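Each structure below appears as structure tokens.
Okay, so chain A shows up in both of these, paired with chain B first and chain C after.
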Partner chain A sequence: MNKIFVNVENLADLLSIKGQYGKKGIIISGGTDIVVRMKNNMIDPEVLISIKKLAELKGIVARKTKVIIGAGTSLDEIENSTLIKENYYPLYQAVFNMASPQLRNMGTIGGNIGNASPAGDTIPPLFLMDAEIILYSKKGKRSISVTEFFKGPGKTVMRDDEIIHSIILKNNYLTEKNSGYIKVGQRNALAISIASVAYFKDKKYKRFAFGSVSPIIHLIELKFGLSDEQLLKEIESYITPIDDVRATKEYRKQVIINLVKDIYF
Partner chain B sequence: MFKEVNKSVKKVDGISLATGKALFVDDQNFEGLLYGKFLRSPIPHGIIKSIDTSEADKLPGVETIIHYFNSSHIPHTTAGQGYPEPSPYDTYMFDKKVRFVGDNVAFIAATSREIAEEAIKKIKVEYEELPAVLNLHDAMKDNAPKIHDEADSFGIFDKDKNLAGGVEVNVGDVKKGLEEAEIRVDYSVDTHYSQHTPIEPHICITYLDEKGRLIIRTSTQVPFHVRRICAMVLETPEKNIRVIKPRIGGAFGTKQEVYLEYYAGKATLLTGKPVKIELTREEEFISRTRHPMYVNVKLGADKTGKIHTINMDVISNTGAYGSHALTVMFNSGSKCLPLYKAENVRFNGKTVYTNLPVAGAYRGYGATQGYAALEQVLDILAEKVGKDPVEIRKMNHIQKGETSPIFKALGEGKEGAETFIKSIKLDEALDWGVEEINWQDRIPYTEKTGRYRKGKGMGIFMQGSGIPLVDMASAFIKINDDGSFNLQVGATDLGTGSDTVLSQIAAETLETTTDNIIIYSSDTDMTPFDVGAYASSTTYISGGAVNNAAEKVKKQIIKVAAEMLETHEDDIELRDTKAFSKKNNTSKTFGDIGKYALYINNQFQIGAIGSHISQVSPPPFMAVFVEIEVDTWTGKIKVLKYVCGVDCGTAINPKLAEGQVEGAIVNGLSYALTERYIFNEKGKMMNGSFQDYKIFNIEDLPELKVKLFPSYEPTGPYGAKSVSEIGINGPIPAIANALYNAVGVRAHKFPMYPEFILNKLEKNG
Partner chain C sequence: MNIKIKVNGQLRSVEVEHNTTLLQVIRKDLNITSPKSGCEKGECGACTVLLDGKPITSCLVLAFTVDGSEITTLEGITPKDGLNPIQKGLINAGGIQCGFCTPGFIMSGHNFFSKKEDFTIDELKRALSGNLCRCTGYKKIVDGMLLAAKEMGIKVKK
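Now for the complex of A and B:
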């Protein structure tokens, strides 16, 4: 019942403590997922390591053609960043439609990624950006492509001693005109995605990433000129939706098909 | 003209609520408080063979465990209705049978919530599982399992057929009417489970006072019914029980149920200690719900669209127990059918038991379900005869001075009261709505294309104002030294504002100001009787009682004033908290009069008690118009604009009345579009949290326009009727009609959530 709560203030301490507790130590920032899961007895961590005060993990920085977002950056900060809105529009749209203002103030992008839910709204846009997830541990740093990072619902390639440090976004040409993120939820706010589509349209090809319709999200590149049937076949090969309390698999599939058709044709 | 009523005076409890000073049930601390928790059935239907509490008993902090084998078995109903209740006595504190996933198996009181939860896990129960009924349409089948086969329950319509209630009324000849009709419409809907989701869940704290009486502090709509039902179940006279209702965080019908208080009370009687029970949100969802219903309407009309025959068949699902089983079903007929004039009317209602969560009273009380079918049928009729939906309603709805035989035929589980319509401003509300929504721009769905398609729909509605010849309310008023008044009422303010409304009525009659009235409500020791807050009754019935008491007090004031001013009573006029002698041009303040009567000469307490019952239940009326947009790619319905005109008679407090309507609309929009219960194969609700059971929030709201169309109801206090329930009836049929206008699809199942709509659209190609 009693837990250890550690408030870390620098990266070295964080890595050392995370190294020490490993799986038993859960990193908490805004707590918008962790606290709910603890309340529902879904997890019972022995040690909570708070990175709330760790300034090093916060902020959005532009580096030439890339942008680096600290894992502890709040969703609200991302929503209000002109840099993101003008160059990475699908991410802006995803965050804009997430949860509620209160939760966006607390929740972080690192938390949304680390949670590794197929319904995590920030994740599909990252596929369009060939994003890299930067992981740190006492042993050093490594960079994992977003396409390699997720291994299933709640599962990632992260080791028990690692933390998410930052996310690097590439392809800084995703604008309101050529890209977007469409989310279907049970209502307009505070709703977990039933199905979602992040997309980018170019002269040569179109890229998609679907949320909530497969255990692992894929980047899908479709050439121009596919027939209705070919398109359907392509989409179907990437989605394996499930039934849950929010929707049936048939509905998820139908919605993805309808939305992709709308974007593709 | 009115001085205090028909004015949006400040809510009398507004400041204390806004500043957090007002006390709710949980805001009082008790030394040595025990926490109560239920062990709930994991199976939908079965016999309890044995309960072994030996491991749980050993846990330090566990004070008492109550279950079937150590308690008495008094059949009763949890429906907090007047005595004798029209609901069957089919419920026990604990029975040897469980009837739905979540049924109470044992109750634990322990020194902490954690210990109580730990103890629950340690109780071993052996069940013999029985086949279950998990669909209302299966309940009456010949081979259906019998859900209530216990010997000593009573008031059940037909135990062998799983029928909790049944009724059939006939006016004219419906069979012939339908056969001979030039135009016939036959349409059915299945309405769904939903929950009231008050922000404050059910909660009560029980304790013994210094004389050993049981005090029940509870979040209830019906303090006097709580006292009576607890007295019965706990086998003690009412004199040993006092029920106190503090501030309440919403109810909407679910707190017209008495199902926590006697468990806590029993534990307090056994241990001598205070006991608290507070339901979790998950428990709240499986405690009381709205009755899901199958409703079929067959309508016969002539070629002009004039209705001659209406037949309504209803099968209502009350779940495992028959709380409000009969009366909610009755109201599907009695609150819908009188709206339209017809020579031939038949209502045939059945309420079935299933092994699903228990239904109960919920805002709208059966009318909401009935209108889900009836108001779509009117649109279908309009289309068939080529008339505008507004016109078809105008030519058929009940008018001032008219009555419907249904008023008399269908009451509250028995015959009702003949009612002539004395106030109605429905056509005015319709004309306004037509303008507000630009009704004339409406085009048929066949002319619409593209991904997003807009549609407009409408409907008209009525409800009642209290239960005639049954509901009784009373009020006590006395004067103080300074000319202020104490007003004590049994009426129950649930956040509805009734304390304010009743104070305004007292002030109006007594010729003083609302802030000169000190109201205290809902305490069975301190306030006179009132049936409680339900059936849209408080303003109309309790308001009548307050008016009666105030009239009596007014007479006493006049008598004393005449003595003081040395004149006749006829010469006295009360105005602005003063008594005037017209002849002498002299006056005395109410303070002078109060002091005189209490201290100076011929001393007595100026004060009186007033009671009220009503011979009729005058309906409020409502016209609703809605514009929606359907996303044909996802099936999502977005409500763009919702227009609602309501005739509630005189609005005693217009702002509070509008608030009631707006609240009911949002409540109804959620019910129509997002709220749904998802059951597994055992009838267990799988989405019992706000994460997966979606009620509307601010981002979902359309542009909302509510306007009151005041009529004057001569039987109500200062012309008032009711307003609290009617608003919830609009969203389902108005949106369903708009959906048809947008995409040509009729909704017969609810909610109209995206998946359902998309499937319908796919089927239509």
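Now for the complex of A and C:
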């Protein structure tokens, strides 16, 4: 079987090729996940479409109270953006602690979202930002709230002819003082999250989104003044951790409880 | 597909398949052997090279995706008759044992120092966090990098 592999240099070409090949057309951005899966014989793409050279999908732009991040923007560029660090601190912190310098230069936010892993570190912060995922296809553009986008591990609402174009961030009040992203892994660099918490604290309520402890991430809002027991009950109603190579479900649960208690009380 | 890449300043043209990695091109087609094949999944950093000026793990880069790019390996930052400051520093601090990880560490260190007038030890360690060494225990690698910084006139912040 002859493989098809192309570099696309403009959006129109990308949409046309993706429309033509549909599910068979695998988009490769940073490649940090796809190439590993190809090497492990987990996937054998017939059509590889590289968007590494597609400038239209790169960059971070401020628009009034929103910020738009191109799907092909590298994690390194997000980490080094003062706009992100000052207004969307949990995303900055998530990216700062991801992978390694080399992989942050390669990996992109669109790739992290498109993979739809419950351990994807950029995803829980997006829930605090009321983020919208902008999808394009030959038929046009649509915008999906981050709360509706994910349907399970590796599953999203995207159609086979669609691509992730950009991510819109709202709620630009997430600063180092009132918010953050805490990740627990086996070591600092190069570790996949065992459990993680993105959080925001206000005078009235506290918001959380947990990573790696449920198939779909939820935005959780907790009022002030809950007792220890009530808090525990609330947390338990949102998480369904699993055992895997990195940790047991009991360990994951305890980690989340400890992290939330530290933030809440 | 035929790709054209500039490697250490020289334009090279190579025929690649869909799954040929940049590391394979560098080592097998171009016979440049400082980048090493270690874990082959982007975690050990032994294959680190600069792609358009930024360190990446070349084992995870599909060669066809970097058509038209510039690549720099350790060979490209080493003077013809001698050693660069990081190589000297690592030798003098005993930061080299088996040497397999060394080219990758040097590329990460080189990229870090090329952007800095001063730095903290924590920043340096973070810049090296994508490179694994199973011999030295890292301390002597950091010591070697500090010797190199001193030679290049780059200061350690307190």
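The rule is simple: the second predicted complex is superposed on the first by the 263 of 265 C-alpha atoms of A that agree within 3 Å, B and C clash if a C-alpha of one lies under 4 Å from a C-alpha of the other, contacts with A are read in each partner's own complex, and residues count from 1 in each chain.
In this text, contacts are C-beta pairs under 8 Å (C-beta built on N, C-alpha and C of every residue); 3 or more make two chains touch, one makes a residue touch a chain.
Everything quoted here is computed from the prediction, not taken from an experiment.
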| item | value |
| --- | --- |
| Partner chain(s) touched by A:190 [first = chain B, second = chain C, both, neither] | both |
| First (chain B), second (chain C), both or neither touched by A:38 | second |
| Chain B versus chain C as contact partner of A:255, first or second or both or neither | first |
| Which superposed partner A:245 touches (first chain B, second chain C, both, neither) | first |
| Intersection of the chain A residues that touch chain B with those that touch chain C | 36, 100, 188-190 |
| Interface residues, chain A side, partner chain C - complex | 3-5, 7, 28, 31-32, 35-36, 38-39, 45, 48, 50, 52-53, 76, 99-103, 105-106, 188-190 |
| In the complex, chain B residues that touch chain A | 114, 451, 633-636, 673-674, 678, 686-687, 691-692, 694, 696-700, 753-755, 758-759, 762 |
| Complex interface listing, chain A residues touching chain B | 1, 36, 100, 184, 186-192, 194, 245-248, 251, 254-255, 258-259, 262 |
| Residue ranges of chain C in contact with chain A within the complex | 1, 17-19, 21, 40-43, 45, 48, 51, 54-57, 59-62, 64-68, 108, 126-127, 129-130 |
